[in-house]
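Per-chain numbering from 1; labels A, B, C, D and E assigned in written order.
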Amino acid sequence: MKTGIYPGCSLTGSARDYNESVFAIAEAFGLEFIQIPDWNCCGATAAHNLNKELSLALPARILAIAEKNGLDEIIVPCAACYSRLVVTQHELKKDPELKNRICEVIEMDYRGTSVILNVIEWIDKYIVPKLEEKIVKPFNYKVACYYGCLLVRPNKILNYDRVEDPQTLDVVMSKLGATAIDYPYKTECCGAGLSISRTDIVSKLSGKIIEDAEHRGADAIVVACPMCHSNLDMRRPDINKYWDTEFKIPVIFVTQAIGLAIGLSPQKVGLRRHFVEVKIS
Amino acid sequence: MTSLIIRAKELLENKTVQVVIGYEAGPTGVARPAFITDPAKAESLIYDERCVQNLAVYLTKREVKNIGKMAIVATLPVMRSIMMLISEQQLFADNIVVLGISADGKLLDIADNKVMQGYIEKSDLSNPEKYKGLLTEFNKLSPEEKFLYWQKELSKCIKCYACRQACPMCYCTRCTVEVNQPQWIPVKANTHGNMEWHILRAMHLAGRCISCGECGRACPVGIPCHLLTMHLTDQVYNYFKVYAGTSEKMSSVLSTYEPNDKESFII
Amino acid sequence: MARIGVFICHCGENISATVDCGKVAETIGKLKHVAYSTEYKYMCSDPGQTLIKDAIKEHKLTGVVVSACSPRMHEPTFRKACAEAGLNPFLCEMANLREHCSWVHEKNELTTQKAIDIVRTQVEKVKLNSALQPIKVPVTKTAMVIGGGIAGIQAALDIANTGHKVVMIERSPSIGGHMSQLSETFPTLDCSQCILTPRMVEVAQHPNITLYTYAEVESVEGFIGNFKVKIRKKAKSLDEKICTGCGLCTTKCPQKKIPNEFEQGMGMRPAIYVPFPQAVPNRPVIDKEHCTYYIKGKCKICEVVCPTKAIRFDQPDEILDLEIGAIVVATGFDIKHADFFPEYGYGKYKDIIDGLQFERMASASGPTSGEIRRPSDGQVPKNIVFIACAGSRDPAKGIAYCSKICCMYTAKHAMLYKHKVHEGRAHVFYMDIRSGGKNYDEFVRRAIEEDHVNYIRGRVSTVFERDGKLIVKGVDTLLGAQPVEIVADMVVLATAGVANAGAEDLAQKLHVSYDQHKFFAEAHPKLKPVETNTAGIFLAGACQNPKDIPDAVSQASGSAVKVAALFSQDMLTREPLVAVVNRYAPPMYSTCVGCFLCQSVCPYQAIEREEFKNREGKVVKTVAKINEGLCQGCGTCVALCRSKSIDLLGYSNNQVHAEVMALLNEY
Amino acid sequence: MSDFEPKVVAFVCNWCTYAGADLTGTSRIKYASNVKIIRFPCTGRIDFMLLLKAFANGADGIIVSGCHPNDCHYTSGNFHAKRRWIMFKELMDFMGVDMNRVTFSWVSAAEGAKWADVVNTTVTKIRELGPYVSYKELVNKSVEEEVKND
Amino acid sequence: MSHSEHHTERNSLAYSIEKNVEVYTQKCYQCGKCSAGCPVAEDMDFPPSMIMRLLQTEDLANDDKILRSHSIWLCVTCEMCLSRCPMEIDIPSMMDYLRQRSRSEKKVNKKAKNIIAFHKAFLNSIKYTGRLFELGLILDYKRQSLNLMQDVALAPKMISRGKLHFIPFIIKGKNQMARIFKKTSN
């Protein structure tokens, strides 16, 4: 079994903290993966908003390279990239002619054989079985697990977890010793792609997500998506301004929580890079 | 076509199938059906413009079926034939691997019948372009001209039944022509009896014909009998908005109905 | 060699006035194989029939053509006469010289010629007729009613009152069905129990009704008038004959924490229990799944306390074999529960309840004694939201249909709430209000106008809990999809009515068809709404589709009449004019190639599969086979069959072909 | 053509049109005597080949009639028949067989008058069209072909 | 396939939506569940259910309203509408199509210019380098949107946390990327 990783653009930039934590826990658990050589951007929201074919071609190139390098599975920590890759795989499987056309565009053969894993699937498969013996500092906090949109929708295609009130992240967190609260905003949208162009809307939507988590007494919001993280963390000043309040709840990646629980330093899992101070470690 | 050969070889080698039905070049270079059972022989498979025969006709032949699980080089008409044969319980879905060929001659990755169904549904299912014009022209003739035309054409028929043998949908073990209680179709060839035969054949294919044109190609005396079934294919779509061979669950037009089927001639 | 006798009737002057009967008899008499040809004034009279009978014997006739009136009139008469003379009745055909000839044409040569043509055609047909045996079946005059809800109760009482025996089978320990759970009924708001209980008692006491509760249908074989039914009487662990129903056991049972089905899980019951106080029969059963004795092998407290020593722990299930003539299926419906709705919390919020739970809550005999209280904390809700179409008209959830009863009961619920909590606010989210029915729309208007129930047109997107309240998010589509957010204390879902669990299983046992939603299918959507496609099996109530009480009761009475009509006959005779698929010796078996396109044209599901196996037991051929009990002889499959492997007795390919030939050619 | 008496065959179902024609009789409504009826249980039973056989044996016109849609005694036989006739008619038109000579109709058991009307209209039309000469010639020619080939 | 035949208005937007993305607008029965769950509905000029209704009219004036609407650009493709729609109408795919139509017909709502500027800047960034260059994206977006002062406070904080690079990473297959963009440009 050859495992690859597709970090995606944000993990090399604004979500370096996420990247660091993924690699840190992989190292701690002795997990190896190969970065997909010469990967490109998946096109994100921009591509499918403006150009459907492009939005399939960009992920197809990534998948084709992975295939060429004999990767049986690809870990995609970014939920947005995960969604684009799975949707592309689905669309091309459904329509062989479209697949041939896209193969022409990317000038590569593509068969759709690699299995795409999101970060929680990866954790479930490789980390959870060895987790118990590794935990040194149980993560004894009340957490609000925030999945966002793209991990569970479109549910018919992703076929991952249940579409309302998903549970996989809650289960991982409870294995770390955390208490996952009942949280209705799990899959509400944070505003995603409007972060820069309509910061006001993002402030409103992300603010609701933060407000409810705080209101329910959570110590932290746990996420598995760099986009959600940047909206809930980096945009906090805008959010606080919009809501005219001081939300203090930190937003951490599930991989960071795992890292802390197995005794890695806050530094190692990238906590210092957060905008909202994480006091819980 | 290397991708086809590789795939065929792979299927035979890993014993996914026992026979690959495809085309090979005959001694004179004419494409002929090939039944490959030995992976080493997969090299002889070809696919190009010479390959026109509807191979699906072999899927119901006992000699072929007995070899085991089959893979078949399948252009759109073959895929549609397969759907029809599955829907009419002459073929089991898990007994067939489809080596799909796209309209521009490329190997398609048909993982399962659902994918095949998706491909078929997206394709143009109307009659082949080259016959459409002919049908339109023919329809412009007066009834008398049509009647004379078919009389002339059908007077040539020698009742060899090549049209029936070539058709993947004509798989009955006993055909109506072999029934003599009553004698529906006269045994000997004569123009009127020939006409009765061709009407019967076309009616039996109404809603089942997948427009491969094989019947017309097979006719040794050049009767364009495929126009009859193709005309009905047009009409089936015209009235019922369906084309044959689009899913393995479809039931044929003449064995189903909608209460609001429209017609304009019943008083 | 065929020897046909032809009998031309004058029908007084009805035929002979325009048709030269003598000439017809004479011309026909010259035809090959016609052994005897004659005319007579009234063939249907006694002397006329005697003439036929004598000729059959005297001329050793192998076939008879009576040329008279329409076969729709006298075919049975003449076939009977032939049978009395020893000729198979199906070797007799009629030529219609009156309705189709003499009455509609003038007197002239052409009319007589037409008469000759008509008779000749029947002569040619009858030569190809074969002797058929009519299918005669006796009728067992006992009906079985499956299901003891209001529809089953009505059907059983109606049939029993016509003097016929009825066996009623009920799966649960008591009859009464969903109606016994309801608080009050629309549009009159009368108490459901009050009108139902007397009917339940009547069933138990009726001399013609045998009631088996805690019993299920195990298997059904046979056909109309002659069903053989096996019933499984589940062990109640009780000798019902000596139990007095004192109820001591139920109060002493140590196991008391079993969710009460009758209360829709809102109350608890012991392991030995009577489902509700008015239950019929009023005898307890032991729920083996929860009984401490059955689980751990120890306890038996009920046995100890029972004053009549009626407890029987070792009682086995009992299988009863019943002979049944007709079956009424009245198995009712079920509803979806709150856990069916992901967007409303998968049932995890205690204060989101379904309609039946609200009924129990509103019922004076229910778990809250009729007070509307939140299940979570027992508080009276000040703000209540009713969500209509919860699951109904929702193809994404697999339920595309309208459940029909929800609009009305939601209006009723909102009204009952307002009557009980005067200061409370009631909101109803709806898409359309469907209130067709006598006094129905007036009822809904009352809820809106008099009780000030707030109707909002829109579907609720999500409901979640916050600070012990339920946040209901919807829109008002009449205000341009303006967002509406209600902070509610309680939410009632008008969940979809669905087929009962086990409906499909029962349908398959009964061999009746059912739709994609597992509701039983009627034989004809308009003209046979009570019949199924299987003769002798009828439908009553919500097992066909969700329906309200008046509709269920009407249909039940309808099915009872159908049963009574069937039981008015001692013997059923069926014409053997059925389709057959040919059979040949192996390895041919049949010319049928097994495409089974005939299955989809058959309106009666009469076409089955028959497999032929070789010596090793491997299936070598699968062909069609007609079930002659189900086939009604329409012949659509015959005309469809491409290999001409199916034929229709009485209208065979050979016969109809011969008719065409004879009609157009003079022999 | 005044002495031309068309031969018309009617293929009808037992439950609607046959009963409707009975009612025509009971109502004593007169109609042309050129039509002779063959009874079928249902229009679904009518084989299209029989229509060809009728023409081949000298019929100048044909009537096919059954229950109105939704009235079929067997629920759906007429619906199947309707589809079959749509296809058959299209094929015949395509081959130049004269479908003006075939009347398709729905006549219920209560429509005695309609039956008389259907018959009269058909017979009048066939009278105008004359004998089906071209089809008869085809059949005669075919008989000769067979004799010649023997 | 057969649905299309029933359209009275062959040039209606509903018809082309059906042809291009296989979304059947007539399936919508206006329950409003999409609008009720839509996170941005209250900022929209037409909430999703209203868009559906406008399409159903097959009135060219209404089609025009849609293509000129702000709504189609505010849609964040969170897919909530689709996941809760009782009729399983793929509104997100339809929105993608409407955006593309709105641009090709030059009917883009003025209020949406920032949103499009951002999308364009995003694609520009990856067109030449293969990967997203966040600083470049922000600068390009500012150039296109003329929102020069936006997020000036954010950049220094990002830099101090190592979240912003100054030099773009250029992938080896950058020529191939250019060809992908070219081939898919129509």
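To be clear about the criterion, a residue touches a chain if its C-beta (ideal position, glycine included) is under 8 Å from a C-beta of that chain, and two chains touch if they have at least 3 such contacts.
Given the structure is predicted, the values throughout are model-derived calculations rather than measurements.
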Contact-graph separation of subunit B and subunit D, given in steps at minimum: 1
Central chain (distance from its CA mean to the mean of all protein CA atoms): C
Best-connected chain pair, where connection means C-beta pairs in contact: A-E
Gap in Å, rounded to a whole number, between the CA centres of subunit C and subunit A: 54
Centre distance in Å when subunit D and subunit E are each reduced to the mean of their C-alpha atoms: 62
Distance between chain centroids, defined by C-alpha means - subunit B, subunit E (Å): 45
Cα-centroid distance, subunit A relative to subunit D, in whole angstrom: 72
Multi-chain contact residues (two or more partners), subunit D: 48, 70, 76, 80, 84
Residues of subunit C engaged with two or more neighbouring chains: 343, 462, 601, 640, 653, 657
Multi-chain contact residues (two or more partners), subunit E: 80
Sites on subunit A touched by subunit C in the complex: 162-165, 182, 184, 212, 215-216
Contact footprint of subunit E on subunit A as seen in their complex: 9-10, 12-16, 38-41, 43-54, 57-58, 61, 104-107, 149, 153-155, 163-164, 187-189, 191-194, 196-199, 201, 205, 234, 237, 272-275
Residues on subunit C engaged by subunit E in the complex (per definition of touch): 343, 389, 393-397, 431, 457-462, 473-477, 480-481, 483-484
In the complex with subunit D, residue positions of subunit C that touch it: 70-73, 96, 98-101, 103-106, 110-111, 114, 117-118, 121, 523-524, 526, 577, 601, 603, 632-636, 638-640, 648, 651, 653, 656-657, 659-661, 663-665
Subunit E residues within the subunit C interface of the complex: 29-37, 41-42, 47-50, 80, 84-88
